[in-house]
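Chain lettering (A, B, C and D) follows the sequence in which the chains are written, and residue indices restart at 1 in each chain.
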Amino acid sequence: MKKKEATHSPLSTTVRVQVRFSEVDSINMVWHGHYIKYMEDAREAFGREYGLEYMTIYRNNYMAPVFDVKMRYHQTATVDDVLLVTIICRPVRGAKLVFDYEIRKESDNSLVLTAETTQLFTNLQGELEASCPEFLTEWKKKHQLC
Amino acid sequence: MKKKEATHSPLSTTVRVQVRFSEVDSINMVWHGHYIKYMEDAREAFGREYGLEYMTIYRNNYMAPVFDVKMRYHQTATVDDVLLVTIICRPVRGAKLVFDYEIRKESDNSLVLTAETTQLFTNLQGELEASCPEFLTEWKKKHQLC
Amino acid sequence: MKKKEATHSPLSTTVRVQVRFSEVDSINMVWHGHYIKYMEDAREAFGREYGLEYMTIYRNNYMAPVFDVKMRYHQTATVDDVLLVTIICRPVRGAKLVFDYEIRKESDNSLVLTAETTQLFTNLQGELEASCPEFLTEWKKKHQLC
Amino acid sequence: MKKKEATHSPLSTTVRVQVRFSEVDSINMVWHGHYIKYMEDAREAFGREYGLEYMTIYRNNYMAPVFDVKMRYHQTATVDDVLLVTIICRPVRGAKLVFDYEIRKESDNSLVLTAETTQLFTNLQGELEASCPEFLTEWKKKHQLC
């Protein structure tokens, strides 16, 4: 008898962000640096939804600074555009968190940006942790991410 | 014969700020909220010059949050404009700091913005201090500001 | 019998803003300059609700740059605080718009900031308009603001 | 006799950026999104130095939006740190610009961030240009970048 494969949907969440007037540049496009904020909005919403908030990490005596960011711009957005920012937690081993992002326009679902971030773990003195923090291992197990 | 009164020039400093591309809006003008950063640049340069840095205040067990901001916009600035941001410490009594600001274009010295900020003093728990902290009294005396 | 006087409530709207991690400073308080963005969020929501958007003004061949800002900070806000930003249009004569603002914490309705902004009108070349634009007079009449 | 190979140093420039108080987060580190501004500061300085400014591109009827950003964080920076942001133009063929970046602390020359950006070319309607704009080919030749 064939073992049923794990087909659970990936851990993800989506937030809605409305572009601010102060976020568009002189050619009326969202300045490319602002997307990092939108991505962080999604990451924090993810943390609230799945119990992996910045403060949760901190209370476990860790910090999770961003180590690596990759962004690709597919299309420009402009003032009053409503963006849907989706964040997906990638199943990875070890003392890190990797998220994938997709930003789309709410109006026509067209793709604006794809991105990924990698966070490493440090102790509260900022020293890198080589092995996976116990609370993180538990969190990953609970959500079938490792 | 009458004693000549102190006519020392006011305590002030000027910083040079170049407008960033990301700071102009869709009509190519500096977005009005960015001037608060330029003012803070001047305030921090003032602190470094006259020994009243954020960290000096903190080490004396105080914080000096901004309580009041007034800004008047006289002219717009645009990308690549170089601005001269002058900050002047107003002589005032009590547990507060009041600064006046003038922002001018370097190219023609024309006026862009006038502003003032008022900072109050709190202890490290954020509770307002009614009386003037001793280190502040000394600092004001040293600089003939009271 | 005396005719009941117009006691219509003032033209206002309220938006909900969640403080971002990137908006708090090193003492975990919202950096004081960010409130200008929150105020603009409310002003744009007001524009959408009452038909006085930035683009509406522009299509009438005017711009309405901010001329004057006054802000008073009553209390600090921190990360994840949800703020209610209320904007009220003050009835004023002539070629200007004056808005009052109140920012409160959603959790306990305590006051965080009060503010006001004044906008003047210019033509598309940026020259100040002395007399009230016709579309603005009509808009004010329609909403009993003059 | 062997022809001496071109060993000219790469086209690069370095700008000095002082971290602002408003740019550090609640754990006193520069918020990771701000580095994109520092990188743009360097890119604009590069443009001014080598005649490839935003406005030069625009006057040639092109825009050069950022298509791809990669950033790697090696160390954190904090308030009042002075950063040296070096930008290097990578020799590439075709209708694109690729820059490499290195950010170091002025105090000890330690590495803070490495990054790269890729810009593509569009016409003023925002449509992608497949072939290299003539002015860009000339600019690359002049600087021995292709």
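The working rule: a residue touches a chain if its C-beta (ideal position, glycine included) is under 8 Å from a C-beta of that chain, and two chains touch if they have at least 3 such contacts.
Note that the structure is a prediction, hence the values are computed from the model and not measured.
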Remark   = In terms of mean CA position, the chain most removed from subunit B is A
Inquiry  = More than half overlap in residue numbers between the two sides of the subunit A-subunit D interface, or less? Answer same or different.
reply    = same
Centroid spacing, where centroids are CA-atom means, of subunit B and subunit D in whole angstrom = 32
Ask   = What whole-Å value do you get for the distance between subunit A and subunit D if each is reduced to the mean of its CA atoms?
value = 26
Inquiry  = Distance between subunit A and subunit B based on Cα centroids, please, to the nearest Å.
reply    = 38
Query = Which subunit B residues touch at least two other chains?
reply = 21-22, 27, 33, 37, 40, 79
Pairwise touch network: line, ring, star, complete, or other = complete
Ask   = What residues of subunit B sit close enough to touch subunit C in their complex?
value = 27, 29, 32-33, 36-37, 40, 63, 65-73, 76, 126
Request  = Please give the residue numbers of subunit B that touch subunit D in the complex, ascending.
outcome  = 20-22, 37, 40-41, 44, 54, 79-80
Task = Give every residue of subunit D touching subunit C within the complex, in rising order.
result = 21-22, 24-28, 31, 33, 79
